[in-house]
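Order of writing sets the labels: A, B, C and D. Residues in every chain begin at 1.
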Amino acid sequence: MKAALRPEAAAEMIPENAVLLVGGFMGTGSPHRLIEAIRLRGTRGLTVICNDLCTPEKGVGKLVASGQVSRAIVSHIGLNPLAQKKMIAGDMEIELVPQGTLVERIRAAGYGLGGVLTATGLGTPVEDGKQIVEVDGKRFLLERPIHGDFALLACHHADYAGNLGYLLTAHNFNPIMALAATTVIAEAEHIVPVGMIPPDAVKTPGVLVDHLLGTGPC
Amino acid sequence: MLDAKEIIARRVAREIRPGTLVNLGIGLPSFVANHVPEEIGVFFQAENGVIGLGARPPEGMAEPSLTDAGGGFVTAVPGAASIDSAMSFGLIRGGHLDMTVLGGLQVDEKGHLANWMVPGKMVPGMGGAMDLVAGARSVVVAMLHTAKGEPKILPECTLPLTAERRVDLIVTELAVIRPTDAGLELLERGPEVSVEQILAATAARLIVKDDIPEMQLD
Amino acid sequence: MKAALRPEAAAEMIPENAVLLVGGFMGTGSPHRLIEAIRLRGTRGLTVICNDLCTPEKGVGKLVASGQVSRAIVSHIGLNPLAQKKMIAGDMEIELVPQGTLVERIRAAGYGLGGVLTATGLGTPVEDGKQIVEVDGKRFLLERPIHGDFALLACHHADYAGNLGYLLTAHNFNPIMALAATTVIAEAEHIVPVGMIPPDAVKTPGVLVDHLLGTGPC
Amino acid sequence: MLDAKEIIARRVAREIRPGTLVNLGIGLPSFVANHVPEEIGVFFQAENGVIGLGARPPEGMAEPSLTDAGGGFVTAVPGAASIDSAMSFGLIRGGHLDMTVLGGLQVDEKGHLANWMVPGKMVPGMGGAMDLVAGARSVVVAMLHTAKGEPKILPECTLPLTAERRVDLIVTELAVIRPTDAGLELLERGPEVSVEQILAATAARLIVKDDIPEMQLD
């Protein structure tokens, strides 16, 4: 059983220079209260791995705007002009990764695989410096696993065993990131007693989740 | 008189076959859905996590956890499915997506697409574009024929490529063009556009056979 | 929309020497009515890819007993003494694959990946004849994708768009196999109108499913 | 007087830590669950697709879609989750499984396990065993000390190995043995068993320090 934490208590767990996997796609399915708590705490030197850097006012974009992110591994920064400016100026290290490759690299870490063999990125700058592996005469890029110190997830509902369920397009990277970090923190809109979520509706098994964040007064 | 984007969206819509799975990029390509009749049973995928993407919600009926790849509010059709990012890109990379419609910065005589960065100026990132071009069964580029008067269809892309795969069709407000082994074949003229106008706006060599028909638009 | 087929009609689609991915784990979650129809039809030379060969009286084990299976790729045949006998006598080609490797190889085919890099099987006979790939100083076996001509799935409920849901331990290989075959046939206990399955409960999106088998009189 | 299997099951049960995720192999290891108190909040995984495996169902209360890895009917506890085979082995191979308890045919001085085939005689297949031994955080072998009077703990395995990883503990009715860099260390004696009896039944060299205590059983 996992008691629900306050956002500030969760933010305190995260040290400077931590590597964070953060769920969400343009902010949908991101743990907004936890992100705000990290912003208020001011933890610096963070590496953020996320689908995108959202906008400067929202989601992980807020941590870019506050200068707390020194490095990002993302697929898209098109709606965050500030991040683009920092990248071009060399003020922030940003590795751009094709979205499908990004999710598979995170999955590879979570599933104990040595890497991902993909045709995506062949013949493009994504190929630079990477090993090519031939399988049955076809060429594939070898992309390496991405593991995080923390996974910061958002979900629609959870139970106190840590089982998680997601709503509509708020799934995105969350179910995959749940396997790929040393410590997994999930922010839930609702936390229900154990036994209230049917086994077939559980998208992330509770054994993967270390800490829950509730919405109540705690 | 239709504006340029309307022409492109209507013409691309005619490429969409009944009962297929189609991904529409954000921006111009997303307008295509407005011109696909509901009764042909096409499922639109938004790569952030829904199959069966619907129209924008009516005023006051938006749900924050139902968004498209641009982060905008959408609806879903009956029979829709929520998917996580791994499944979403499994569909794209595993050859299950019948067609993708993407915007373009440049296309060249080999049918190579560049659409994810302008070095030193604009670095939106590839998002899902590299996966889509590498994996979709059919790739349609929907873009304005020129940018600030400069041709976007070139002998060779000067911007970093999105994939080494040749795209299947280019649709602009001036022309429909098919990349082939022999080069770029001009298939159709835009409404009231002459072949001479197309050639003048195109830097790449075009293969022009007799009697280029005008686009049919619904 | 996909009308429900009778089992015999589905069995007729499957030619001699077809490669079949069959869902199920010791028969739980296997398409029993479809298997029985294939047995009655007598289609020969089949390759069966399944978690196990069940027992000689049940599931795919029935097709082994009837002599219709010439080759199997499975993780376990411990409860099918007939299959063990045939394997030892050289009457049937059986490739034994670690269960986790088997599901990832099928997934790799379905997700468009070049192969699987895994530590499972290192230092064992599973390693024989396979390429070893080193990533960051660690050794991994390169295991190749497994694709089927047909995937024969079982599910608890479906809608007529082909969306599938599974019950408890009857998920097993079914959701993964749904992506890895040219033609996907799903046997459902219940088929409901489109719109009756909430998007978040869909485990296999209908766009992957070609044919449904119902339980009704058809 | 406890029989051999009862001794092994009870002793292994004492290795299980509160709040962990544990996989029990079919056969002897499955008896371990009977001796783990419910209040310590252990989740048992059955690799065929459930986290939170429960006891056998009461007479008349079996559900065909809720089975264990041997195909037998089971129940599930509140907070259980259904998972597909990919997630199941993601948990196993990704290092999320705290402990696995497996049967064995042979274990040798290096701590290598052989438990999936006897060439030319018995070829059950590895099922999930290779993944479990390669991936679980802790691997416990639970087996009878001898087979038809012949030692199963040998200087070197003569049967094909299950993995190159050293197992963490061997529990038999006669002894508890820990494989180490230096070799097999005898930790405990079975009930009313002498060190001499253990040495006589063991072909491998055992490291025996002074004063080997008798097993504590609940």
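Everything below uses one rule, namely that a residue touches a chain if its C-beta (ideal position, glycine included) is under 8 Å from a C-beta of that chain, and two chains touch if they have at least 3 such contacts.
None of these values were measured; they are calculated from a predicted model.
Engineer: Tell me which chains count as touching both chain C and chain D.
Structural biologist: A
Engineer: Any idea how many Å lie between the Cα centroids of chain A and chain D?
Structural biologist: Centre separation, chain A to chain D: 35 Å.
Engineer: Rounded to the nearest whole Å, what is the centre-to-centre distance of chain A and chain C, using the mean of the C-alpha atoms as each centre?
Structural biologist: So the centroids are 32 Å from each other.
Engineer: How many angstrom between the C-alpha centroids of chain B and chain A?
Structural biologist: So the centroids are 29 Å from each other.
Engineer: Can you pull out the residues of chain D that are in contact with at least two other chains?
Structural biologist: Within chain D, residues 50, 76, 82-83, 86, 89, 93, 135 contact more than one other chain.
Engineer: Where in chain A do residues touch two or more other chains at once?
Structural biologist: 104, 107, 111-113, 118-119, 166-168, 199-200
Engineer: For this assembly, give the contact graph shape among line, ring, star, complete and other.
Structural biologist: Topology of the interface graph: other, matching no listed pattern.
Engineer: On the basis of the stated criterion, which chains touch which? Give every pair.
Structural biologist: Chain-chain contacts present: A-B, A-C, A-D, B-C, C-D.
Engineer: Under the stated contact criterion, what part of chain A meets chain C in this complex?
Structural biologist: 104, 108, 111-119, 133, 135-136, 138, 140, 142, 144, 165-168, 199-201
Engineer: Where on chain D is chain C touching in the complex?
Structural biologist: 46-50, 63-71, 76, 82-86, 88-89, 92-93, 117, 120-131, 134-135, 160-164
Engineer: Going by the contact rule set out above, which residues of chain D touch chain A in the complex?
Structural biologist: Its residues touching chain A are 21, 41, 43, 50-52, 76, 78-83, 86-87, 89-91, 93-96, 135.
Engineer: Applying the document's contact rule, which stretches of chain A touch chain B when the two form their complex?
Structural biologist: Within the complex, chain A touches chain B at residues 25-29, 51-52, 54, 74-79, 84, 87-88, 94, 96, 98-101, 103-104, 107, 118-126, 156, 166-176, 203.
Engineer: Name, in rising order, each residue of chain C that touches chain B in their complex.
Structural biologist: 1, 107, 109-113, 159, 161, 163, 179-180, 194-195, 199-200, 202, 205-208
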